[in-house]
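Mind looking over this structure? Questions follow.
Chain nomenclature is as follows: A, B, C, D, E and F, assigned in order of appearance, with residue numbering initiated at 1 for each chain independently.
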Amino acid sequence: MVPKVEGPEDIHYVDRLLAQLEARAGLERPILVHALLETARGVNEVEAIAAASPRMQGMSLGPADLAASRRMKTTRVGGGHPGYRVLADPSGDAERSGTQQDLWHYSLARMVDACAAAGILPFYGPFGDIKDVEGCEAQFRSAFILGCVGAWSLHPVQIDIAKQVFSPDPHEVAFARRVIEAIPDGQGVHMIDGKMQDDATWKQAKVMVELADLLEARE
Amino acid sequence: MVPKVEGPEDIHYVDRLLAQLEARAGLERPILVHALLETARGVNEVEAIAAASPRMQGMSLGPADLAASRRMKTTRVGGGHPGYRVLADPSGDAERSGTQQDLWHYSLARMVDACAAAGILPFYGPFGDIKDVEGCEAQFRSAFILGCVGAWSLHPVQIDIAKQVFSPDPHEVAFARRVIEAIPDGQGVHMIDGKMQDDATWKQAKVMVELADLLEARE
Amino acid sequence: MVPKVEGPEDIHYVDRLLAQLEARAGLERPILVHALLETARGVNEVEAIAAASPRMQGMSLGPADLAASRRMKTTRVGGGHPGYRVLADPSGDAERSGTQQDLWHYSLARMVDACAAAGILPFYGPFGDIKDVEGCEAQFRSAFILGCVGAWSLHPVQIDIAKQVFSPDPHEVAFARRVIEAIPDGQGVHMIDGKMQDDATWKQAKVMVELADLLEARE
Amino acid sequence: MVPKVEGPEDIHYVDRLLAQLEARAGLERPILVHALLETARGVNEVEAIAAASPRMQGMSLGPADLAASRRMKTTRVGGGHPGYRVLADPSGDAERSGTQQDLWHYSLARMVDACAAAGILPFYGPFGDIKDVEGCEAQFRSAFILGCVGAWSLHPVQIDIAKQVFSPDPHEVAFARRVIEAIPDGQGVHMIDGKMQDDATWKQAKVMVELADLLEARE
Amino acid sequence: MVPKVEGPEDIHYVDRLLAQLEARAGLERPILVHALLETARGVNEVEAIAAASPRMQGMSLGPADLAASRRMKTTRVGGGHPGYRVLADPSGDAERSGTQQDLWHYSLARMVDACAAAGILPFYGPFGDIKDVEGCEAQFRSAFILGCVGAWSLHPVQIDIAKQVFSPDPHEVAFARRVIEAIPDGQGVHMIDGKMQDDATWKQAKVMVELADLLEARE
Amino acid sequence: MVPKVEGPEDIHYVDRLLAQLEARAGLERPILVHALLETARGVNEVEAIAAASPRMQGMSLGPADLAASRRMKTTRVGGGHPGYRVLADPSGDAERSGTQQDLWHYSLARMVDACAAAGILPFYGPFGDIKDVEGCEAQFRSAFILGCVGAWSLHPVQIDIAKQVFSPDPHEVAFARRVIEAIPDGQGVHMIDGKMQDDATWKQAKVMVELADLLEARE
C-alpha cells in the first residue's frame, strides 16, 4: 500500500524497488501495489497513476488527507458536510429549502474511470465517525453505486455495513437475471417492464449478476 | 455514429476510412462523425476525442454502456439511482433526511467542456425507462441546463419531452431579451432586478435568445 | 488579473510582457498574476494554467462567462438553477421529490485541485443577484467548504457575507483544537467522540486552526 | 527575424505581439517570422519551432552563436575546423591519412527536416571569413546539397558565390529534364544511363527542374 | 511494406486494417509491417514510428524520396554527392584538399537508434546506379557498419554485393572469437593486442560472432 | 556514475535512492550523478536524460556498448572504421578515392546539445586501443572541437593525450584574445584579419579564453 501517491513516478519508484527485492528473494509472483489517492496532485494525475505499472492492483480514495491537501473546510473523514448545499429558489414566504451535495463526486467518479480504464480495482477508503453507522452506510453505498468494489473498515461494525452494502440489491439482481434470460446473447432491442434493453443494459446486468454469483460462491 | 470511442485514435481511423470512401465516391462535402462517449477510458480522453478531427460534429453520453464499463451498480439507462445519496447530519430524533445525487454530473460536465472547447455539439443519449416520463424530463432538463443541445428519443413520447425541454424557458428568454435591450453592445455594468449584468451575463443572454429565435424560426 | 485564460500560453505571454515591463521599470519584486477561469477550454487545461508561471498567485471561477462558453442555459451569475435536479423514484401516489444539484461541482473541484497542486489560491468569483443574500451565502459557503479561500464581492452586503462565510465555524475550530491537543505530534491513531483521528485528520485540523488563528490575528 | 530562438514559446510570444501590432495598424497581410537557430536548446526543439506558428517563413542556422552555446572549440563563423577529423588505420610506415569532417552535418540535416516537414524554408546563415571565398563556396554548396535554399551574404563577393552556388548544376538539370521527359507522369520504373528511375527520382528531378525554371524566370 | 510513413498514425491505421483482414480470413499469425522512411516528417518522428505497433518488423531508408521531400539537390538514389564536401585550410600554394561527406549519416544513424530501441530491423533501401558497383558496395558497407542488417537489391549484381557486404569481415570475426574465448563470461577487463576488452567489447564481439554463425548456418 | 541509462526514469530512480541515503547520512551537499550514454534508446531520449534531475553533472558517450546496442559492425572502442566511407565519383581510370567518415558525429553532436541545453558537462568516454596514440588523439580532439570538455583515460599515455588535446590551441587562444580586446563589450560588427566579428564570435572567443585561463590557473 503506497500512501500519498502524487504521480506515476511514485509508482515507478516502488516498482523498481520491488523488482530488486523480488530478485533477491527469488520470488516468482510479482508483489502488487495498492495506491492511496489522497492529494490534490494525485487527483490531477490519477489516470497516469492507475496505468503506471502492471503491479497496480487498485486504488483507494483517502478523504481526510485529500481534504487537508485541498484545504477543504471539513474535519470529518468521509461523508458529507452540512455547509455544502444548493439553495432552492425562494417560493413565497416559506423557508427556502436547500439540498446537501456530495463533496466527493468529482474525485470518486474520476478515480473510478481511471481504474476502470487501467483494469484495476477502485475502493472507497476510511469513514471516520464510527458511531455514525447510517452515515457510513450512505457513504459506502454511494461509492458502490459509482463503481467502487469495496471500502476500508475501521471497526467490526463497519465490516457488517460493508458486507451488506457491497452486495448488489436482490431486486436489482433479479431484474438483471430477467434481462439476461430475455436476451441471452446480448443482441437486439427488447422491452422489459417498459424499459428498453439492449447490449448496453445487458452488460450492466452482467456486472450485477456476476457480482452476485461471485459473492454467493464465496459464502 | 461511432460507438464506444476510447480515444482519438478511434476517430483517426474512421477519419481515414471515410476519406478513402469519399475519394472513391467523388463526394465533395465531408461526412461528419458523431461519437458515443460510453467507456471509462473515453471519459479520460474526452478532450482529445472531441478535437480529433474536423469531421467531429458532436458527442453523446451513453449512460448504460458507461455504467457497465465502470461497473456502476445500476441497471437503468440514464436517470438517478436511490442508492446514491448524501445523508444530512442527525437532528434530534427525527429521521435523517438524505438527498439523492446526480450520477452523471462529472461525466456530463467534462464532456460539455470538451465539446465546447472543440466547437462541437454535446448531446445526452438515451433514457431507457419509457414509461417514466417525469424521470426522462428531469434527465433531459439537467443535460440541457448543463450545456447539452439535445438528447436521443427512444419513443414518440420522448420526442415531445425533448421538444419541450430543449427549448429555453419563456421567462428566462424574456429576461434575457431585457438584458440585451438594456446593454445592446454588451459593455459596462448594469443592474436589472437587482442582478448585476455585464459582458458575461450578456453572453449568457445571447445563448438563450439565439436558441429561442432559432427554434421559433424552425417552426 | 488575466481574464478568459484558455491555456498556459496565455499566462506565458503575460509573463514575458511583465518581465519586460519590470526590467524597464527597474522593479525587483515580481508582479503576480491572477487568472479567471471562465471558458470551457480553460477548465480542460486548468492544471497547466495553474502551473504555468511562478507569477501565478491564484485563480477565480467566473460562472457567467463559463456558462456562456458552455452554452449552459442559465442567465444567473453563480448559484443554482431549479432545472438541474435529480428526481427520486416514485413512491405510491405521492408527488415525486426532486433534489436540486450543484451546477459547479466539477468545475470548482477540479480548479481547487489544480490550485492546490500548484501551490496557488483558489477563489470563487462573483455572485450576481445582489438581493439574494441567502443564495450568495450558500454559494460562498459551498466554495469555502470545497477549498476556496475567498470570493468576489459586488456589493457591501456581500462583503459581510464573505467575512462571515470564509471564517471557519467556531464549533469546528474548537473540535480541531481538541484534535491537535490530543495528538500534538500528529502520530498514531486516537478516538475523539467516537471519531477516528490520525495524521490525516490532524492535517485537516491544522488547516482549520491555522485559518482561524490567521483571521483572529488580522482583527 | 527572431534571434536565439530556444523553443516554440519564443515564436508564440512574437506571434501575439505581431497580432496586436497588426490589429492596431489595420494590416491585412500577416507579418512573417524568420527564426535563427543558434542555441543548443533550439536544436533540441527545432521541429516544434518550425511548426510553432503559421507566420513561420523560414529558419537560418547561425553557426557562431551555436558554437558558443555548445562550447565548440572554434572561433570561425561557419566552415570546417582542421581538428575535427577521422584518422585512417595505419598502413605500413606511411603517414596515416586523416579526413576532415563536417562540423554542421547533424545540425543542418535536422533543421532541414524540421523545415521541410513544416513547409518552411531552410537557410544557411553567415560565413565569417570574407577573404576565404573557396571556403565560403564549399560551405554554401554543402548547405545547398543538404536542402537549404539560400544563405546570408556578408559582403558583395559572397553574393556572387551565393548566386552561383544556389543554382543547380546545369548537368544535373539536363539529366533531370531527361528523367521527366522519359517518365512524364512519374509512374513505372525506367533505366536512364543505367540508373533506376521511378516516382522517387522523378520527384527529385522535379525539385531540380522547378528550381532551375524559377531562377531562369527571375533573370 | 508501407511507403512514405509520416508518423505513428500511419502505422496505427495499417495496424487496424490488417487486424480486420486477419479476423475475416481467420489468420492466427499476425501480418508484419515494414515501413519506408522517406520523408522529412518521417525522420522527425522515426522513434514513434518504430514503436508504433508490435507488427513493426523493420524499416528501410528510401534516399530518393527523402531527398525530394527535403529538396536536397541530388538526382541520385543513395550514395554521395561531390558537392557535399569539407574544404581543408589552405596550406601554401598547394591546391586545397576537400573531403567528401556522407549525405545520409544523420538520417541513417537516427533510424538505426529508433529501430534498435524498438527491437526491429533497420535496412538501407535502394542504390539506383546499377552500373556503379563500387559506389553500391561503399553505400551498403557504410549502412552495414552503422547498424543496418541488409539492403534492397535492384539487380542481380547488387545481390552479390549485398551478400558480400552484409557478412562480417573474417578478420574481425576471428578477432571477436578471440575476445569471447579470452573472456567467456563477459566479465572483468582484459588486454588483447593492446586493446582494452570488457563487457562492452564482449557484447560487440557477440554481435559479430552471432551474425557470422547465423550466416554460416544458412549456407 | 550511472551506466546504460535508457531514459529519464533511470535518473529519477537514482535520484530518489540518493535522496534517502543522504537523509539517512545527514549529508547537506547533494551527491551528483554522471550518466553513461551507451544504448540506442538512451540516444533517443538524451535530452530528457540530461534534464532529468538537478543532480545531473554530466554525461559520457560510451562507444562500445552503444555500438553493441545498435549492432554496429565494429569491435573497436571508439575511433573510426575503414568500412564507413564515402566514395568519390570516378574520374578517368584513376582509382576512386574514398574518404572515411565519423561513426559518432550524430551521437556526439546530439549529446552535446542535450548537455549544453541542460547546463551539464559532456565527455567523450573510453578509447580502447591503447597502443594507437594517434587514433586516440584524433578521437579526443574531435570530441573536444564538437563541444566535449574531457574524456576518459584508460592508461597513463592517454592522460597525457587528454591534457594536451583538451586545452585550446595557443594560436586560437591568441586570436580569441584579439577579438575580445577589439570588441571589449561584445557589441557591433568588426573585421579582424578579414573575418567578421560580432557578438556571436565574441561569445566563441570567450569560451576559448575562459577555458585557457581556467587551465592556466590550475597549473
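We adopt the following convention: a contact is a pair of C-beta atoms (placed from the backbone, for glycine too) under 8 Å apart; a residue touches a chain by one contact, two chains touch by 3 or more.
All of these numbers come straight from a predicted model, not from anything done at the bench.
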Task: Chain labels contacting subunit E and also subunit F - done: D
TODO: Report the chain whose mean Cα position is at the greatest distance from that of subunit A.
DONE: D
Open item on the list: I'd like to know which pair from D-E, A-F or C-D copies the E-F interface, where a copy means over half of the contact pairs are the same by residue number.
Closed with: D-E
TODO: Answer with same or different: of all residue numbers used at the interface between subunit D and subunit E, are over half used by both copies?
DONE: different
- [ ] Report back the single chain whose CA centre is most distant from the CA centre of subunit B.
- [x] F
TODO: Please report how many Å separate the Cα centroid of subunit B from that of subunit E, as a whole number.
DONE: 53
Task: Between subunit D and subunit A, distance of the C-alpha-averaged centres to the nearest whole Å - done: 58
Open item on the list: Can you pull out the residues of subunit E that are in contact with at least two other chains?
Closed with: 99, 101-102, 105-106
Open item on the list: What's the contact topology between the chains, one of line, ring, star, complete, other?
Closed with: other
Open item on the list: Please list each pair of chains that are touching.
Closed with: A-B, A-C, A-F, B-C, B-E, C-D, D-E, D-F, E-F
TODO: Quick one: which bits of subunit F touch subunit D in the complex? Just the residue numbers, please.
DONE: 47, 79-80, 82, 99-102, 105-106, 109-110, 112-117, 132, 134-135, 138, 141-142, 144-147, 149, 168-169, 172, 175-176, 179, 191, 193-201, 203-208, 211
Task: subunit C contact footprint on subunit D (complex, rising order) - done: 9, 12-13, 16
Open item on the list: Give the list of subunit A residues in touch with subunit C in this complex.
Closed with: 38-41, 43-44, 62, 64-65, 67-77, 81, 83-90, 96, 98-99, 101-103, 105-107, 126, 128-131, 154
